[in-house]
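In the two complexes below, chain A is the common chain; its partner is chain B in one and chain C in the other.
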Partner chain A sequence: MRLLTHNMLSCNIKGVTNGFPLKLEADKWVTKEVDLNADFLRGVFPKIEWSALVAAARVLGFAELPEQADASMLSSNDFLRRFHHALLELHVEEGALVCPETGRKFPINKGIPNMLLHEDEV
Partner chain B sequence: MEHLHEMELASTSEGRKEPQKIFMSPESMPKIAKIQLVSSHPEVYEPCDDSFLLVDALLADRSNLINQNPKFCLEIGCGSGYVITSLALILSQYCPGTQFYATDINLHATHTTLQTSANHGVHVEVVATDIALSLQKRLQKSIDVLVINPPYVPTPEDEVGADGIVASWAGGFQGRIVIDRILNVVDELLSVNGLIYMVALSENDPYDICQVMREKGFGSRIALQRSTEEERLCVIKFWRERETSEDGERADNVSSLNGWLGKVPFINSLRKKGNENNNS
Partner chain C sequence: MWYLCVFYHRLLDYRRPEVESLAELFATEEINCETSSLVEWRLPEKHHIDSPFHFVSLPSQDIARKIANRSLLVKGIYELWGQGTDYEELEKAIKEYPEDRKLLYLTEDSTFKIVVDSFGKVISSEEQNERIQGLTYIPFKGRVNLKKPDHKFWLMETDDYGSNNGLPPVVQKTIFFGREVGAANRSLLPTYQLKSRKYLGPTAMDAEMAFLMANQGHAGPGKLVYDPFVGTGSILVAAAHFGAMTMGADIDIRVVRDGRGPNCNVWTNFEQYNLSEPVGLLRADNNLPPWRPGLKEMFDAIICDPPYGVRAGGRKSGGRKLLKGAVGPYTVPDTKREGHIPSTAPYSLAECVHDLLDLSAKMLVMGGRLVYFYPVSREDGVMNSVKYPEHPCFKLISSCEQILSSRYSRHLLTMVKVGVYTKEMEEVARERHRGFKENHAKWLEEGNLHSAVFESNEGSKLDRDSKPKYRGKYV
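Take a look at the complex of A and B:
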């Protein structure tokens, strides 16, 4: 699971109003290099909840993202490289995503977050 | 808008923005997933006629998909991963930034899909979730290409969403239970220029599906159809209708839908049957 995906997931248990961002817990993660695509990064930037990305990257030991970011930074190659690495190259293999409101844990196994809800949660 | 014939699109690395007229050699034919590289599991639906039809529809619409330069592609109900892997292979050469997402309610299917994509050297982000529930809030209006091979087989209601492989086909009354649930969220998911490709069975009443989608503001046409010994399948393509469309596709699409339906009396007979059932 890439951190892009972490940034796009929310907890949808019935009645939960504050299901995003999910807190990331990581037991195992890997880095997989992938070509940087500046067009994609610039296009996706407005959709990213920056503070959630910063926090998740930090869990994986990557602390090179600025605390705050705005679109003007997208002209910097150095910023794009860091953004790219955090968003697309770090993969969580084992761990969990924790709902900020209920504390419900959604496991991540072999790189796949299990967001399936129990019968009493829908 | 100029409509390019499929074979006019050069399968070269520089061909994305400026399609050229060339003859396609076997080496330059678009790549799709190879059956021998598709991972399998006893509880996961294997690629079958419906999967092949959906991939054929994507191949036939390849130039439109490439010109779209999608950011996010999503398959709902990915099963073995054959379809989303094929889509990734079709697009990756031309649209290097595209992200591929896949969901399934069956955990075995999510792992199988991840393995199938890895076997082909492409990356798909896979999430175990019901339809797109955990993604739809944050990926609102972001999906540029949505592909769906839903559980479309008419079955008893209690088989819908059951454990394991049953969930891959069990569609409840008229096979429409899961289809209708999916159609309820596509407006939230799809981007402004987004495209949807969905497999349906004649028993699902494709004409009614198109009417339902029209009420939600979507145009539609039958992109591809095929009959096997067991079933009559089609792939329906949907897109957002715009108030003023200068592109000729709309008229073409409507007429092709009507034309197809006109030639297919079984749909009308099924609809009559459905009405009789409702009335009784």
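Take a look at the complex of A and C:
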């Protein structure tokens, strides 16, 4: 699971109102190189919850993202490279996503987060 | 400018929409290009709509070439130098074609090749040579190069055959002569064909169709394409081939996570072709998508083949509770929560399509494309005109029928997001969602194409003998 996916997901158990961001627990992660596409990064930037991305990247030992970011930074190649690395190249293989409200764990195995709810959570 | 567009005689309904789709894709890449009335069509005189020969008006030669190169169903796009019902007429037409258009491609320092082609008949190589020799009235000055010519000229013949041999009726013999502007590259089909694919599922999308879907969805570099019913990833493979980033979800965890082992799963299907792997694969339920509230306009295209219950039925979460109805909701005991495998309930087509449209309305960028298959029972489709799903955010721009059996066909629908997803729409969607849950049994019944396809023949409204001999859409 890339952090792009993490940034898009929340806990959707019935009744949960603060299901985002899911706390990332990572047991195993790898770096997978992806071609950098600046247009894509510029387009996706406004849709990213920045603080959630920063926190998740820290869990994976990547602390090179600024606390705050705004669109003007997108003109810097250095910023784009870091943003790209955090968003698309860090890949969580094993771990879990934990709901901040209920503590429900959504497991990540073989890189696939399992977001399916149990019968009594629908 | 007008060109001669020659199609392969396949998937007849899909041919014009593909060209239109690609024209829009390439035209928007160029500045100063009007996208309204981009493409115009004409048929040669006395040709049937299913004829492979069409005239098409495109904004520029460059766009024409790009369309032909990326298209799967265009055999070639040609600058027409002349046409006629016999060779005298053709000669006259070619001689009348403006000199300045011709001489550009007949210069001494260029190489050329003439190809003789036919539709609905065979021309022997002796006859082909004769035909080429007959073209001496064109002042070719360059040298012949059969392997890598600078310019390729095509002489194409089609006869007036009857309507009983499975080909579209052409009333008049026509000969076309033109210069090739661009030609299709179907060589990617053998590379991607399903039988060479490592990891396959029972409903993996045929490679040609997957590429057509990716073309309809404008897949390309810098775009994010999502498939909510990803399965073995066959649609995303096509999107990734055109350079798009891909993301997929499926409710069946065995398919997305495990595959058939470490060397045979969704990831390896991308590795196999040296494509960049999906940026996200997850297990999620399209009925209850786990996207965070407020997230919208993430995807440039959503391309999918929803489960319609003929070869594989859809599932959604919340099984037992709904199935048993009267029995109280099932609660998972705390000791069994870890590793619990939730049961799932059947997912009717009506609900599935509703969810898909709502998800797309929210998650597609403005101008983004939703491309999906919609099944139609042919008894309805033939008797009445088909009613496609509608949504206030979307404009349907093309529907292409592919007949699968005498009972049902699937229509590839391409919809463009033209309206913003508003709070009111979200509210209406939530209401509908609740309605589906409460009328579970009803929707399952109404969305059940399976029974229409597999019920016994008796009482069928379709009379086999009444069908016309020529059935183009089976091609």
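We adopt the following convention: the second predicted complex is superposed on the first by the 122 of 122 C-alpha atoms of A that agree within 3 Å, B and C clash if a C-alpha of one lies under 4 Å from a C-alpha of the other, contacts with A are read in each partner's own complex, and residues count from 1 in each chain.
Here is the rule we use: a residue touches a chain if its C-beta (ideal position, glycine included) is under 8 Å from a C-beta of that chain, and two chains touch if they have at least 3 such contacts.
The shown structure was predicted, so the numbers you read here are calculated from the model rather than taken from an experiment.
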Superposed partners chain B and chain C on chain A - clash or fit:
clash
Chain B versus chain C as contact partner of A:44, first or second or both or neither
both
Once the shared chain is lined up, is A:10 touching chain B (first), chain C (second), both, or neither of them?
both
Name the contact category of A:120: first (chain B only), second (chain C only), both, or neither.
second
Select, from 153-161, 189-197 or 459-467, the region of chain C that bumps into chain B once both structures are placed on the shared chain.
189-197
Overlap the chain B and chain C contact sets on chain A and report the shared residues.
1-2, 4-5, 8-12, 19-20, 32, 34-35, 37, 39-40, 43-44, 47, 49, 110-117, 122
Flag every residue of chain A that touches chain C in the complex, lowest number first.
1-2, 4-5, 8-12, 19-21, 32, 34-35, 37, 39-40, 43-44, 47, 49, 88, 109-120, 122
Where on chain C is chain A touching in the complex?
221-224, 245, 247, 251, 253, 256-258, 267, 276-277, 279-285, 288-293, 295-298, 317-321, 329-332, 337, 340, 342-343, 365
So, in the complex, the side of chain B touching chain A is made of residues 71, 96-99, 101, 105, 107, 110-111, 114, 123, 125-130, 133-135, 137-139, 142
Taking the complex as given, what residues does chain A use to touch chain B?
1-2, 4-5, 7-12, 19-20, 32, 34-35, 37, 39-41, 43-44, 47, 49, 110-117, 122
